[in-house]
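Here it is, the structure in full.
All chains are identified by letter, namely A, B and C, in their written order; residue positions are counted from 1 within each chain.
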Amino acid sequence: RRGEMAKSTQLINNEVFQAFATYAAIVLVKMMLMSLITAYFRITRKAFANPEDTASLGKGENAKKYLRTDPDVERARRGHLNDLENIVPFFGIGLLYALSGPELSSALLHFRIFTGARILHTFAYLVPLPQPSRGLSWGVGYAVTFSMAYSVLKTAWLL
Amino acid sequence: RRGEMAKSTQLINNEVFQAFATYAAIVLVKMMLMSLITAYFRITRKAFANPEDTASLGKGENAKKYLRTDPDVERARRGHLNDLENIVPFFGIGLLYALSGPELSSALLHFRIFTGARILHTFAYLVPLPQPSRGLSWGVGYAVTFSMAYSVLKTAWLL
Amino acid sequence: RRGEMAKSTQLINNEVFQAFATYAAIVLVKMMLMSLITAYFRITRKAFANPEDTASLGKGENAKKYLRTDPDVERARRGHLNDLENIVPFFGIGLLYALSGPELSSALLHFRIFTGARILHTFAYLVPLPQPSRGLSWGVGYAVTFSMAYSVLKTAWLL
(Lines give C-alpha, C1' and ligand atoms only; values in the text may rest on other atoms or scores of the structure.)
Protein backbone atom coordinates (compact mmCIF):
# COMPACT_ATOMS: atom_id res chain seq x y z
CA ARG A 1 0.00 0.00 0.00
CA ARG A 2 2.62 2.53 1.09
CA GLY A 3 4.92 1.61 -1.79
CA GLU A 4 2.12 2.09 -4.27
CA MET A 5 1.23 5.48 -2.84
CA ALA A 6 4.88 6.54 -2.97
CA LYS A 7 5.10 5.57 -6.62
CA SER A 8 1.96 7.44 -7.50
CA THR A 9 3.10 10.62 -5.75
CA GLN A 10 6.58 10.46 -7.29
CA LEU A 11 5.85 13.13 -9.88
CA ILE A 12 4.07 15.48 -7.53
CA ASN A 13 6.99 15.27 -5.10
CA ASN A 14 9.13 16.97 -7.70
CA GLU A 15 9.21 20.69 -6.89
CA VAL A 16 8.84 21.95 -10.47
CA PHE A 17 5.87 19.64 -10.96
CA GLN A 18 4.34 20.78 -7.67
CA ALA A 19 4.64 24.38 -8.80
CA PHE A 20 3.08 23.51 -12.15
CA ALA A 21 0.22 21.64 -10.48
CA THR A 22 -0.48 24.64 -8.23
CA TYR A 23 -0.53 27.32 -10.94
CA ALA A 24 -2.24 25.09 -13.50
CA ALA A 25 -5.02 24.31 -11.01
CA ILE A 26 -5.39 28.03 -10.24
CA VAL A 27 -5.74 29.12 -13.87
CA LEU A 28 -8.02 26.18 -14.76
CA VAL A 29 -10.28 27.06 -11.80
CA LYS A 30 -10.19 30.71 -12.91
CA MET A 31 -11.27 29.59 -16.39
CA MET A 32 -14.11 27.53 -14.92
CA LEU A 33 -15.36 30.56 -12.95
CA MET A 34 -16.16 32.20 -16.30
CA SER A 35 -19.11 29.78 -16.54
CA LEU A 36 -20.56 31.20 -13.32
CA ILE A 37 -20.04 34.78 -14.55
CA THR A 38 -21.82 33.98 -17.82
CA ALA A 39 -24.66 32.29 -15.89
CA TYR A 40 -24.93 35.32 -13.58
CA PHE A 41 -25.31 37.69 -16.54
CA ARG A 42 -27.75 35.34 -18.32
CA ILE A 43 -30.00 35.28 -15.24
CA THR A 44 -29.78 38.97 -14.26
CA ARG A 45 -30.05 40.21 -17.89
CA LYS A 46 -32.63 37.54 -18.77
CA ALA A 47 -30.82 36.59 -21.96
CA PHE A 48 -30.80 32.88 -22.79
CA ALA A 49 -29.77 30.65 -25.67
CA ASN A 50 -32.09 27.67 -25.13
CA PRO A 51 -35.93 27.70 -25.13
CA GLU A 52 -36.02 25.21 -22.23
CA ASP A 53 -34.06 27.72 -20.08
CA THR A 54 -36.82 30.34 -20.34
CA ALA A 55 -39.72 28.02 -19.44
CA SER A 56 -39.85 29.28 -15.84
CA LEU A 57 -40.10 32.92 -17.03
CA GLY A 58 -43.39 32.55 -18.88
CA LYS A 59 -45.12 30.74 -21.69
CA GLY A 60 -45.15 31.00 -25.48
CA GLU A 61 -44.26 34.43 -26.88
CA ASN A 62 -43.73 35.72 -23.34
CA ALA A 63 -40.81 33.32 -22.83
CA LYS A 64 -39.52 33.67 -26.39
CA LYS A 65 -38.47 37.28 -25.85
CA TYR A 66 -35.76 36.08 -23.43
CA LEU A 67 -34.06 34.11 -26.23
CA ARG A 68 -31.71 36.93 -27.09
CA THR A 69 -28.11 38.06 -26.87
CA ASP A 70 -26.97 40.60 -24.31
CA PRO A 71 -23.72 42.63 -24.42
CA ASP A 72 -22.65 41.58 -20.90
CA VAL A 73 -23.35 37.90 -21.57
CA GLU A 74 -21.45 38.05 -24.86
CA ARG A 75 -18.52 39.81 -23.18
CA ALA A 76 -18.26 37.10 -20.50
CA ARG A 77 -18.49 34.43 -23.22
CA ARG A 78 -15.69 36.08 -25.23
CA GLY A 79 -13.56 36.18 -22.07
CA HIS A 80 -14.26 32.48 -21.51
CA LEU A 81 -13.36 31.55 -25.10
CA ASN A 82 -10.17 33.61 -24.85
CA ASP A 83 -9.29 31.60 -21.72
CA LEU A 84 -9.82 28.35 -23.63
CA GLU A 85 -7.60 29.64 -26.44
CA ASN A 86 -4.79 30.61 -24.04
CA ILE A 87 -5.03 28.65 -20.79
CA VAL A 88 -5.44 25.28 -22.52
CA PRO A 89 -2.16 25.68 -24.51
CA PHE A 90 -0.52 26.88 -21.27
CA PHE A 91 -1.62 23.67 -19.58
CA GLY A 92 -0.38 21.42 -22.40
CA ILE A 93 2.90 23.19 -23.10
CA GLY A 94 3.46 23.91 -19.39
CA LEU A 95 3.06 20.23 -18.51
CA LEU A 96 5.64 19.20 -21.13
CA TYR A 97 7.89 22.03 -19.93
CA ALA A 98 7.57 20.96 -16.27
CA LEU A 99 8.58 17.41 -17.30
CA SER A 100 11.57 18.65 -19.34
CA GLY A 101 13.60 19.39 -16.21
CA PRO A 102 13.82 23.22 -16.07
CA GLU A 103 15.36 25.07 -13.13
CA LEU A 104 12.76 25.67 -10.39
CA SER A 105 13.40 29.43 -10.40
CA SER A 106 12.89 29.66 -14.15
CA ALA A 107 9.74 27.51 -14.02
CA LEU A 108 8.25 29.58 -11.17
CA LEU A 109 8.92 32.76 -13.16
CA HIS A 110 7.02 31.40 -16.16
CA PHE A 111 4.08 30.07 -14.13
CA ARG A 112 3.75 33.20 -11.96
CA ILE A 113 3.87 35.69 -14.82
CA PHE A 114 1.35 33.67 -16.84
CA THR A 115 -1.06 33.34 -13.92
CA GLY A 116 -0.83 37.04 -13.07
CA ALA A 117 -1.29 38.06 -16.70
CA ARG A 118 -4.41 35.93 -17.15
CA ILE A 119 -6.04 37.23 -13.96
CA LEU A 120 -5.34 40.79 -15.17
CA HIS A 121 -6.74 39.84 -18.59
CA THR A 122 -10.02 38.73 -17.04
CA PHE A 123 -10.32 42.01 -15.09
CA ALA A 124 -9.44 44.03 -18.20
CA TYR A 125 -12.09 42.14 -20.19
CA LEU A 126 -14.93 42.27 -17.67
CA VAL A 127 -14.59 45.82 -16.27
CA PRO A 128 -13.71 46.65 -19.17
CA LEU A 129 -10.44 48.57 -18.80
CA PRO A 130 -9.39 50.77 -21.73
CA GLN A 131 -6.98 49.24 -24.21
CA PRO A 132 -4.10 48.33 -24.30
CA SER A 133 -4.73 46.72 -20.85
CA ARG A 134 -6.41 43.63 -22.27
CA GLY A 135 -4.07 43.44 -25.25
CA LEU A 136 -0.94 43.67 -23.09
CA SER A 137 -2.08 41.13 -20.49
CA TRP A 138 -3.01 38.76 -23.34
CA GLY A 139 0.40 39.31 -24.98
CA VAL A 140 2.37 38.62 -21.81
CA GLY A 141 0.62 35.28 -21.24
CA TYR A 142 1.07 34.42 -24.91
CA ALA A 143 4.81 35.20 -24.81
CA VAL A 144 5.32 33.12 -21.65
CA THR A 145 3.66 30.10 -23.31
CA PHE A 146 5.85 30.53 -26.41
CA SER A 147 8.94 30.72 -24.22
CA MET A 148 8.00 27.38 -22.61
CA ALA A 149 7.24 25.84 -26.04
CA TYR A 150 10.72 26.89 -27.23
CA SER A 151 12.25 25.29 -24.14
CA VAL A 152 10.29 22.04 -24.69
CA LEU A 153 11.29 21.82 -28.34
CA LYS A 154 14.94 22.51 -27.52
CA THR A 155 14.93 19.66 -24.93
CA ALA A 156 12.64 17.07 -26.51
CA TRP A 157 13.08 17.59 -30.25
CA LEU A 158 12.52 14.18 -31.86
CA LEU A 159 10.71 14.37 -35.18
CA ARG B 1 14.03 -2.96 -25.22
CA ARG B 2 12.00 -4.59 -22.43
CA GLY B 3 13.49 -2.25 -19.84
CA GLU B 4 12.55 0.77 -21.90
CA MET B 5 8.99 -0.47 -22.36
CA ALA B 6 8.68 -1.11 -18.63
CA LYS B 7 9.83 2.42 -17.84
CA SER B 8 7.39 3.95 -20.28
CA THR B 9 4.43 1.98 -18.91
CA GLN B 10 5.33 2.77 -15.30
CA LEU B 11 2.66 5.43 -14.92
CA ILE B 12 -0.09 3.50 -16.63
CA ASN B 13 0.62 0.51 -14.35
CA ASN B 14 -0.53 2.64 -11.43
CA GLU B 15 -4.20 1.83 -10.77
CA VAL B 16 -5.34 5.41 -10.15
CA PHE B 17 -3.66 6.48 -13.37
CA GLN B 18 -5.20 3.56 -15.27
CA ALA B 19 -8.64 4.61 -14.03
CA PHE B 20 -7.96 8.22 -15.03
CA ALA B 21 -6.77 7.14 -18.48
CA THR B 22 -9.94 5.08 -18.98
CA TYR B 23 -12.45 7.75 -17.96
CA ALA B 24 -10.51 10.61 -19.54
CA ALA B 25 -10.38 8.74 -22.87
CA ILE B 26 -14.15 8.05 -22.62
CA VAL B 27 -15.13 11.69 -22.02
CA LEU B 28 -12.67 13.00 -24.62
CA VAL B 29 -14.09 10.58 -27.20
CA LYS B 30 -17.61 11.65 -26.15
CA MET B 31 -16.59 15.27 -26.73
CA MET B 32 -15.20 14.39 -30.16
CA LEU B 33 -18.48 12.73 -31.14
CA MET B 34 -20.12 16.17 -30.90
CA SER B 35 -18.32 17.02 -34.18
CA LEU B 36 -20.13 14.16 -35.92
CA ILE B 37 -23.48 15.25 -34.46
CA THR B 38 -22.92 18.82 -35.67
CA ALA B 39 -21.90 17.52 -39.11
CA TYR B 40 -25.03 15.30 -39.21
CA PHE B 41 -27.31 18.29 -38.51
CA ARG B 42 -25.41 20.53 -40.98
CA ILE B 43 -25.93 17.97 -43.76
CA THR B 44 -29.54 16.95 -42.99
CA ARG B 45 -30.65 20.57 -42.28
CA LYS B 46 -28.51 21.95 -45.12
CA ALA B 47 -27.09 24.71 -42.93
CA PHE B 48 -23.43 25.52 -43.50
CA ALA B 49 -20.92 28.13 -42.39
CA ASN B 50 -18.49 28.06 -45.34
CA PRO B 51 -19.29 28.84 -49.00
CA GLU B 52 -16.99 26.01 -50.19
CA ASP B 53 -19.14 23.51 -48.23
CA THR B 54 -22.24 24.34 -50.29
CA ALA B 55 -20.58 24.05 -53.73
CA SER B 56 -21.99 20.55 -54.30
CA LEU B 57 -25.55 21.76 -53.55
CA GLY B 58 -25.80 24.23 -56.43
CA LYS B 59 -24.24 27.35 -57.92
CA GLY B 60 -24.37 31.07 -57.10
CA GLU B 61 -27.50 32.24 -55.28
CA ASN B 62 -28.78 28.66 -55.20
CA ALA B 63 -25.86 27.58 -53.01
CA LYS B 64 -25.80 30.81 -51.00
CA LYS B 65 -29.14 30.06 -49.36
CA TYR B 66 -27.52 27.15 -47.47
CA LEU B 67 -25.14 29.55 -45.70
CA ARG B 68 -27.39 29.92 -42.70
CA THR B 69 -27.79 28.97 -39.06
CA ASP B 70 -30.17 26.23 -37.96
CA PRO B 71 -31.50 25.68 -34.40
CA ASP B 72 -30.40 22.01 -34.30
CA VAL B 73 -26.91 22.80 -35.59
CA GLU B 74 -26.54 25.64 -33.08
CA ARG B 75 -27.75 23.40 -30.25
CA ALA B 76 -25.16 20.73 -31.09
CA ARG B 77 -22.48 23.43 -31.30
CA ARG B 78 -23.45 24.83 -27.89
CA GLY B 79 -23.24 21.30 -26.47
CA HIS B 80 -19.78 20.89 -27.99
CA LEU B 81 -18.56 24.23 -26.60
CA ASN B 82 -19.95 23.33 -23.18
CA ASP B 83 -17.94 20.10 -23.36
CA LEU B 84 -14.79 22.07 -24.16
CA GLU B 85 -15.49 24.37 -21.19
CA ASN B 86 -15.98 21.45 -18.79
CA ILE B 87 -14.25 18.30 -20.06
CA VAL B 88 -10.96 20.09 -20.79
CA PRO B 89 -10.62 21.39 -17.18
CA PHE B 90 -11.60 17.88 -16.00
CA PHE B 91 -8.75 16.44 -18.04
CA GLY B 92 -6.18 18.96 -16.75
CA ILE B 93 -7.23 18.98 -13.11
CA GLY B 94 -7.98 15.23 -13.16
CA LEU B 95 -4.49 14.45 -14.47
CA LEU B 96 -2.87 16.49 -11.68
CA TYR B 97 -5.24 14.86 -9.18
CA ALA B 98 -4.40 11.35 -10.43
CA LEU B 99 -0.69 12.17 -9.97
CA SER B 100 -1.22 13.56 -6.46
CA GLY B 101 -1.67 10.07 -4.96
CA PRO B 102 -5.38 9.89 -4.03
CA GLU B 103 -7.01 6.68 -2.76
CA LEU B 104 -8.23 4.53 -5.67
CA SER B 105 -11.77 4.40 -4.28
CA SER B 106 -11.95 8.18 -3.99
CA ALA B 107 -10.48 8.68 -7.46
CA LEU B 108 -12.91 6.20 -9.03
CA LEU B 109 -15.82 8.00 -7.35
CA HIS B 110 -14.73 11.34 -8.86
CA PHE B 111 -14.10 9.94 -12.35
CA ARG B 112 -17.31 7.88 -12.48
CA ILE B 113 -19.62 10.66 -11.29
CA PHE B 114 -18.07 13.15 -13.71
CA THR B 115 -18.33 10.78 -16.67
CA GLY B 116 -21.95 9.89 -15.87
CA ALA B 117 -22.88 13.55 -15.38
CA ARG B 118 -21.39 14.63 -18.71
CA ILE B 119 -23.13 11.83 -20.64
CA LEU B 120 -26.43 12.87 -19.02
CA HIS B 121 -25.63 16.50 -19.87
CA THR B 122 -25.26 15.65 -23.56
CA PHE B 123 -28.61 13.81 -23.57
CA ALA B 124 -30.29 16.67 -21.68
CA TYR B 125 -28.88 19.16 -24.20
CA LEU B 126 -29.66 17.27 -27.41
CA VAL B 127 -33.13 15.86 -26.64
CA PRO B 128 -33.67 18.50 -25.04
CA LEU B 129 -34.92 17.48 -21.60
CA PRO B 130 -36.73 20.15 -19.56
CA GLN B 131 -34.65 22.06 -17.06
CA PRO B 132 -33.19 21.55 -14.48
CA SER B 133 -31.88 18.31 -16.10
CA ARG B 134 -29.16 20.05 -18.05
CA GLY B 135 -28.36 22.49 -15.25
CA LEU B 136 -28.04 19.74 -12.64
CA SER B 137 -25.89 17.43 -14.77
CA TRP B 138 -23.64 20.41 -15.57
CA GLY B 139 -23.44 21.33 -11.87
CA VAL B 140 -22.50 17.81 -10.75
CA GLY B 141 -19.60 17.61 -13.21
CA TYR B 142 -18.51 21.13 -12.23
CA ALA B 143 -18.54 20.27 -8.50
CA VAL B 144 -16.53 17.06 -9.07
CA THR B 145 -13.85 19.03 -10.93
CA PHE B 146 -13.70 21.63 -8.13
CA SER B 147 -13.36 18.85 -5.56
CA MET B 148 -10.35 17.46 -7.47
CA ALA B 149 -8.85 20.96 -7.81
CA TYR B 150 -9.14 21.44 -4.04
CA SER B 151 -7.38 18.10 -3.51
CA VAL B 152 -4.58 19.04 -5.95
CA LEU B 153 -4.02 22.42 -4.32
CA LYS B 154 -3.99 20.88 -0.82
CA THR B 155 -1.33 18.35 -1.92
CA ALA B 156 0.82 20.34 -4.33
CA TRP B 157 0.56 23.93 -3.06
CA LEU B 158 3.85 25.61 -4.00
CA LEU B 159 3.44 29.25 -5.03
CA ARG C 1 20.67 18.81 -7.31
CA ARG C 2 21.76 16.53 -10.15
CA GLY C 3 19.67 13.64 -8.79
CA GLU C 4 16.60 15.81 -8.65
CA MET C 5 17.14 17.01 -12.21
CA ALA C 6 17.56 13.44 -13.40
CA LYS C 7 14.30 12.44 -11.73
CA SER C 8 12.42 15.30 -13.27
CA THR C 9 13.70 14.58 -16.77
CA GLN C 10 12.98 10.86 -16.49
CA LEU C 11 9.80 11.02 -18.56
CA ILE C 12 11.19 13.26 -21.25
CA ASN C 13 14.15 10.90 -21.66
CA ASN C 14 11.73 8.26 -22.88
CA GLU C 15 11.78 8.34 -26.68
CA VAL C 16 8.02 7.97 -27.18
CA PHE C 17 7.42 10.78 -24.70
CA GLN C 18 10.06 12.95 -26.40
CA ALA C 19 8.30 12.42 -29.73
CA PHE C 20 4.94 13.27 -28.16
CA ALA C 21 6.36 16.41 -26.53
CA THR C 22 7.77 17.55 -29.89
CA TYR C 23 4.63 17.05 -31.97
CA ALA C 24 2.27 18.22 -29.21
CA ALA C 25 4.28 21.43 -28.82
CA ILE C 26 4.19 21.97 -32.61
CA VAL C 27 0.40 21.57 -32.95
CA LEU C 28 -0.29 23.62 -29.80
CA VAL C 29 1.91 26.44 -31.15
CA LYS C 30 0.12 26.13 -34.51
CA MET C 31 -3.20 26.47 -32.68
CA MET C 32 -1.93 29.56 -30.84
CA LEU C 33 -0.91 31.18 -34.13
CA MET C 34 -4.62 31.30 -35.05
CA SER C 35 -4.94 34.13 -32.50
CA LEU C 36 -2.43 36.20 -34.48
CA ILE C 37 -4.23 35.44 -37.76
CA THR C 38 -7.56 36.52 -36.26
CA ALA C 39 -5.94 39.70 -34.87
CA TYR C 40 -4.39 40.41 -38.29
CA PHE C 41 -7.79 40.21 -40.00
CA ARG C 42 -9.51 42.22 -37.24
CA ILE C 43 -6.99 45.05 -37.71
CA THR C 44 -6.76 45.04 -41.52
CA ARG C 45 -10.55 44.58 -42.00
CA LYS C 46 -11.36 46.92 -39.10
CA ALA C 47 -13.88 44.50 -37.62
CA PHE C 48 -13.90 44.31 -33.82
CA ALA C 49 -16.00 42.71 -31.10
CA ASN C 50 -15.33 45.10 -28.19
CA PRO C 51 -16.11 48.86 -28.07
CA GLU C 52 -12.83 49.53 -26.22
CA ASP C 53 -10.90 48.06 -29.17
CA THR C 54 -12.24 50.70 -31.57
CA ALA C 55 -11.47 53.73 -29.36
CA SER C 56 -8.31 54.57 -31.31
CA LEU C 57 -10.24 54.58 -34.62
CA GLY C 58 -12.59 57.44 -33.79
CA LYS C 59 -15.26 58.59 -31.37
CA GLY C 60 -18.96 57.82 -30.90
CA GLU C 61 -20.79 56.70 -34.04
CA ASN C 62 -17.55 56.87 -35.99
CA ALA C 63 -16.00 54.12 -33.86
CA LYS C 64 -19.25 52.14 -33.54
CA LYS C 65 -19.23 51.20 -37.22
CA TYR C 66 -16.15 49.04 -36.63
CA LEU C 67 -18.11 46.80 -34.21
CA ARG C 68 -19.03 44.32 -36.90
CA THR C 69 -18.33 40.84 -38.19
CA ASP C 70 -16.17 40.25 -41.25
CA PRO C 71 -16.03 37.05 -43.34
CA ASP C 72 -12.24 36.71 -43.06
CA VAL C 73 -12.26 37.27 -39.30
CA GLU C 74 -15.07 34.73 -38.85
CA ARG C 75 -13.23 32.20 -41.03
CA ALA C 76 -10.07 32.50 -38.94
CA ARG C 77 -12.17 32.16 -35.77
CA ARG C 78 -13.87 29.02 -37.08
CA GLY C 79 -10.45 27.57 -37.89
CA HIS C 80 -9.29 28.38 -34.36
CA LEU C 81 -12.37 26.77 -32.78
CA ASN C 82 -11.90 23.68 -34.97
CA ASP C 83 -8.34 23.46 -33.68
CA LEU C 84 -9.60 23.59 -30.09
CA GLU C 85 -12.12 20.84 -30.87
CA ASN C 86 -9.46 18.59 -32.41
CA ILE C 87 -5.98 19.48 -31.15
CA VAL C 88 -7.05 19.53 -27.49
CA PRO C 89 -8.38 15.90 -27.62
CA PHE C 90 -5.20 14.96 -29.50
CA PHE C 91 -3.15 16.39 -26.64
CA GLY C 92 -5.15 14.59 -23.94
CA ILE C 93 -5.52 11.24 -25.66
CA GLY C 94 -2.00 11.45 -27.12
CA LEU C 95 -0.50 12.03 -23.67
CA LEU C 96 -2.28 8.96 -22.26
CA TYR C 97 -1.25 7.00 -25.36
CA ALA C 98 2.40 8.06 -25.02
CA LEU C 99 2.33 6.85 -21.39
CA SER C 100 0.72 3.52 -22.31
CA GLY C 101 3.96 2.13 -23.75
CA PRO C 102 3.39 1.97 -27.53
CA GLU C 103 6.15 1.07 -29.99
CA LEU C 104 8.13 4.16 -31.01
CA SER C 105 7.48 3.53 -34.72
CA SER C 106 3.73 3.27 -34.19
CA ALA C 107 3.67 6.37 -31.98
CA LEU C 108 5.69 8.40 -34.50
CA LEU C 109 3.29 7.35 -37.25
CA HIS C 110 0.29 8.60 -35.24
CA PHE C 111 1.93 11.89 -34.22
CA ARG C 112 3.31 12.67 -37.70
CA ILE C 113 0.09 11.97 -39.59
CA PHE C 114 -1.96 14.03 -37.10
CA THR C 115 0.44 16.97 -37.27
CA GLY C 116 0.56 16.92 -41.07
CA ALA C 117 -3.23 16.63 -41.32
CA ARG C 118 -3.85 19.59 -39.01
CA ILE C 119 -1.37 21.83 -40.87
CA LEU C 120 -3.12 20.91 -44.14
CA HIS C 121 -6.49 21.59 -42.46
CA THR C 122 -5.44 25.12 -41.55
CA PHE C 123 -4.30 25.82 -45.13
CA ALA C 124 -7.50 24.31 -46.52
CA TYR C 125 -9.55 26.50 -44.18
CA LEU C 126 -7.73 29.79 -44.68
CA VAL C 127 -7.05 29.75 -48.45
CA PRO C 128 -9.82 28.30 -48.74
CA LEU C 129 -9.21 25.18 -50.82
CA PRO C 130 -12.26 23.54 -52.44
CA GLN C 131 -13.83 20.67 -50.53
CA PRO C 132 -13.16 17.85 -49.74
CA SER C 133 -9.65 19.18 -48.84
CA ARG C 134 -10.73 20.53 -45.48
CA GLY C 135 -13.07 17.62 -44.78
CA LEU C 136 -10.42 15.00 -45.56
CA SER C 137 -7.64 16.65 -43.54
CA TRP C 138 -10.08 16.97 -40.61
CA GLY C 139 -11.09 13.30 -40.96
CA VAL C 140 -7.51 12.02 -41.01
CA GLY C 141 -6.63 13.85 -37.77
CA TYR C 142 -9.90 12.67 -36.22
CA ALA C 143 -9.22 9.02 -37.16
CA VAL C 144 -5.66 9.17 -35.77
CA THR C 145 -6.97 10.45 -32.43
CA PHE C 146 -9.60 7.69 -32.31
CA SER C 147 -6.92 5.09 -33.05
CA MET C 148 -4.88 6.34 -30.08
CA ALA C 149 -8.00 6.38 -27.86
CA TYR C 150 -8.68 2.74 -28.78
CA SER C 151 -5.08 1.87 -27.88
CA VAL C 152 -5.34 3.69 -24.51
CA LEU C 153 -8.61 1.97 -23.61
CA LYS C 154 -7.23 -1.46 -24.59
CA THR C 155 -4.18 -0.91 -22.33
CA ALA C 156 -5.62 1.00 -19.38
CA TRP C 157 -9.24 -0.18 -19.17
CA LEU C 158 -10.19 0.06 -15.47
CA LEU C 159 -13.77 1.16 -14.95
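What we mean here is this: a residue touches a chain if its C-beta (ideal position, glycine included) is under 8 Å from a C-beta of that chain, and two chains touch if they have at least 3 such contacts.
Given the structure is predicted, the values throughout are model-derived calculations rather than measurements.
> Pick same or different for copies subunit A and subunit C, depending on whether their interface residues overlap by over half.
Comparing the two copies, subunit A and subunit C contact each other through largely different residue numbers, since under half are shared.
> Which rotation angle, from 0 to 180°, best lines up the CA atoms of subunit B with subunit C, given as a multiple of 5?
Result for this pair is 120 degrees.
> Can you check how far apart subunit A and subunit C are, centre to centre, with Cα atoms defining each centre and the answer in Å?
16
> What positions in subunit C touch 2 or more of the other chains?
15, 17, 84, 88, 95
> For subunit B, which residues count as touching subunit A in their complex?
10, 14-17, 75, 78, 84-86, 88-89, 92-93, 95-96, 98-101, 128-131, 134, 142, 145-146, 149, 152-153, 155-159
> Under the stated contact criterion, what part of subunit A meets subunit B in this complex?
4-5, 7-9, 11-12, 15, 17-19, 21-26, 28-29, 31-32, 34-35, 49-50, 52-53, 55-56, 80, 84, 88, 91, 95, 112
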